[in-house]
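The structure's right below; bear with me while I get my questions together.
Should a chain be cited, it is by its letter among A, B and C, assigned in written order, with residues numbered from 1 in that chain.
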Amino acid sequence: MTSSIMTEEYDILHVKNLKVDFSTYGGTVQAVRNISFGINKGECLALVGESGCGKSVSAHSILRIVPEPPGQVSGEILFKGNDLTQLSEKQMLKIRGAEISMIFQDPMTYLNPTMRIGTQVTEIFKEHAPKRISGTELKRLCIDAFDMVGITDPEQRFRQYPYEFSGGMRQRALIAMALINKPSLIIADEPTTALDVTIQSQMLELMKTLQRETKTALILITHDLGVVAKMAHRVAIIYAGKIVETAPATDIYRNPRHPYTIGLLNSIPSVSKSSKEPLYSIKGTPPDLFNPPKGCGFAPRCEFAMDICDNYPPPDFQIDEGHHSACWLLHHQAPTNNLKTSVLSREGINP
Amino acid sequence: MLRYILKRLVISVLTVFVLAATVFVLMHALPGDAFDGEKATAQVRANLEKTYGFDKPLHIQFFKYIGNLVRGDFGISMKHQGQRVNDLIAVTFPISADLGIRALLFAIILGLFLGVCAAQLYRHPLRHGVMIIAIIGISVPDFIMGSILQYIFAYKGRLFPVAGWGEMKYTVLPAFALSFYTMALLSRFMRTSMLTVINEDYIKTARAKGLPRYKIVLRHQIRNAMLPIITILGPIVAAVLTGTFVIERIFNIPGMGKFYVNAISDRDYTLTLGMTVFYGIFLIGANFIVDVLYSIIDPRIRISGERDV
Amino acid sequence: MSDTNTCFDAELFRKRVEQHDSDTIHRPSLTYLQDATHRLFKNRIAMVGLLMILLLIVLAIIGPMVVPFEYDALEDLPYLTTGENGHIFGTDGLGRDLWARLWMGARTSLLIGFTAAIVNAVMGTFIGSISGYFGGIVDTVLMRLIDVLYGIPYIIVAILMMVVMGPGFDSLIIALIIIGWISTARLVRGQILQLNNQEFILAARKLGSSHASIIFRHMVPNFLGLIITSMTMAIPYYIFAEAFLSYIGLGIQPPESSWGVLAKEGVEQFQVSIHLIAYPALIISIAMLSFNLFGDGLRDALDPKMRQ
């Protein structure tokens, strides 16, 4: 394959040909069907897709916390040059929480309700500390971390339980937990989905500032293109277990080249659209991953589908520097199409 | 939290009241010949007269009765030559309590431990072994289990004395027999609880932190898995208590249970009812303590003050 | 995966004509009940339990008829052992055939177990539904009552009742049901409260269905599985309660037979003849075990979280 995603160099993480299957009672679910992406130091990469498209599973696979009896992970996960899939559990323990940390989605359920927040946050530091640390030292570290993420009154908060925190504060605590060991890579799995809309932008601001300051690579998983616009340097759109388009953030909005991406963009309710127009939504439903489509995963729902789309999975076509898309419409044999004009004009975007 | 405790206290007191009232009513519902002739000596009848005043109107009798109860007077035994029920309780209860506490300790420690192990062996072929023992434990009634254990380990095996009470060696077999049902129950419960907890999200967080499995089990899983167990502590105490009736009989232990069963078969009504009220109060009190304990331990209740039952 | 520069048949780049039926679901989908039944029957341990239960019932019915001895007749020499003189399980201290007594006792014990469980389930459902459905004063009063009654230990109440009413089958049944309905009532009330606010209930009300119809045709089927499971798990509990009460002399009295009576007699005489306790113990344990295994399987099958 000459797709450049494979040959590009990434200094922090390079995922190659990731495949994750789950064997269930009803058969085998192909949750992730060959995903490749990479991230560099200081970058923020957004993985965008609907629920069930495989983005969370991909993220969990990086840290190898996918439960491996039902799950089966294959492919290469190169972290700073080392293939994580080849490491033993003991070696992975050193990486989790120290080199790579994760921020989860729902701060209520992802915190242990019977343990004080301070204990939970310092636990991650204690686990990876090179030598014994005193209790006061730990407390001080935790309070500093609380300060950094904007938790007010950190001295008091240290001893409190999760239910005494508000949703936003809990998420800040989770962020503190992820940062305290100064990892090279943070994976944030839909960090704002469970929060109130008003808190969401605060949280995003916070994460953006921290990320830019600490120059930590951040993989941001989300289904919300609005979040992407604020935070990401680069975007990868996932559909039905495969990446359909990768591009720098600005290019995704200015020059989307995959029908699914365009569909997503069109689905954003816009203030500028006249209220008489119905809200656009992509027709159909995501495919059944027990029996994924033979060709392009999006073809069944795609307005522009051609015969080849149903029968052959499309390779990655390079569009620009760092921008590629897996769509047969980009093949030189494809008829010139009005993909851009007919669809984009809805948004008033000029191609 | 205080509001919750107060509410439980009120209900508990009310329950005791209802219980006492029920016993009182039942006392008067006994067949007419209950207190005649050989069944009660003159002394006993005199005391009953004094305590209840059979010729006085019912509600006065009731107040006297309640008054007596509050003062800790449970009446006089019919069979044991007019001995006061309280005195009999005072002598026999400590023995039963001793037996019961040992059994509870066995049950809780072994039961929880087995439950945790069974949960950890989730995919191991041996996992069925623990659960088989557990389900047998809750199926075989305690009088049968007790007899079997007595037969195997004492009668035939000669490892322990067959019956009696005294030093340590007398206590082991009965306590173990008494604990069996509860131990089995707790191990099943704990296993289920552990397996539920392991799917909780915060365990994923713990894994993502790089914690090795044993630390996750010890620090996160066990603590949370134990919470629901407190809810069945009440019934567990009740089970152990009723177990003493049977175990004391089998092992000939001079505890309150044995006395109670004898009182029943002797048709010693005053003793039976008196002890019944005592047991009732004891269990209601135990339930109350468990409720309070639960509200203390679960931090979520401490603040909210209410429990969604 | 093809190379981006490969050439294909030009035909392939024609726009697709027919609309794809992409909504076909490839996995056969099962209703909740079908899924539950399927899982239950696949559970071998539970099926063994069910088989044992059926076997016990059959034996209870025909057992006593198999031997020419009456269960209460002082037939023969006492303490005969297995197989002697035609007694399959031997005889007890009074020369009565143990096999006949065992299966007559089975009739009594199983009958008590089933009756108590069913009556309590029905009563509990009824009272719980009324309380949860109508709410208001009715609910508050009933709940306070239940709170208080629930606190009185079950065995204590049973003992009290038996002491006063005297031993025997009828009083035993009454004693077992006088408080037994409470846990079902609470369960049902909780379910009804949850369902009360659901839309389909509001719809039914608007359509003018009677209260009874709403409760029993629309609400109850939703948690019927739960009730049946709790009833199944209650049966061994009541069998045990009967055995326990009879054992301490308050339940069924000899010469009538029940498992508790046999256990009592067996324990008292085990030093003389072990089979008097061995056979009843075995049968009782198997019975309880079977109900527990089946009940476990039932509960697992109906648990929506374990749906596959």
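Basically, a contact is a pair of C-beta atoms (placed from the backbone, for glycine too) under 8 Å apart; a residue touches a chain by one contact, two chains touch by 3 or more.
In this text the structure is predicted, and so the values were computed from the model without any measurement.
By C-beta pair count, the most extensively touching chains are B-C.
Greatest centre-to-centre distance from chain A is found for B, with centres as Cα means.
The most centrally placed chain, judged by C-alpha centroids, is C.
The distance from the centre of chain A to the centre of chain B, each centre being the mean of the chain's C-alpha atoms, comes to 54 Å. With centres defined as mean CA coordinates, chain C is found 24 Å away from chain B.
Centre-to-centre separation between chain A and chain C, using Cα means, comes to 49 Å.
Of all residues in chain C, none touches two or more other chains.
Note for the complex: chain A touches chain C at residues 1-3, 24-27, 284-285, 287-288, 290-291, 293, 299-301, 304-313, 315-318, 328, 331-335. For chain C in complex with chain B, the residues that touch the partner chain are 147-149, 151-157, 159-161, 163-164, 166, 236, 240, 243-244, 247-250, 263, 266-267, 270-271, 274, 277, 281, 284-285, 288-289, 292-293, 296.
Chain A makes touch with chain B in their complex at residues 63, 65, 69, 92-98, 101-102, 104, 106, 109-115, 123-124, 127-128, 161, 163-164, 174, 177. Of all the residues in chain B, the ones that touch chain C in their complex are 11-12, 14-15, 18-19, 22-23, 26, 29-31, 135-136, 138-141, 143-144, 147-148, 151, 155, 238, 242, 245-246, 250, 261, 264-265, 269, 272-273, 276, 279-280, 283-284, 287. Contact residues of chain C toward chain A in the complex are 1-5, 7-8, 10-16, 20, 22-23, 25-27, 308.
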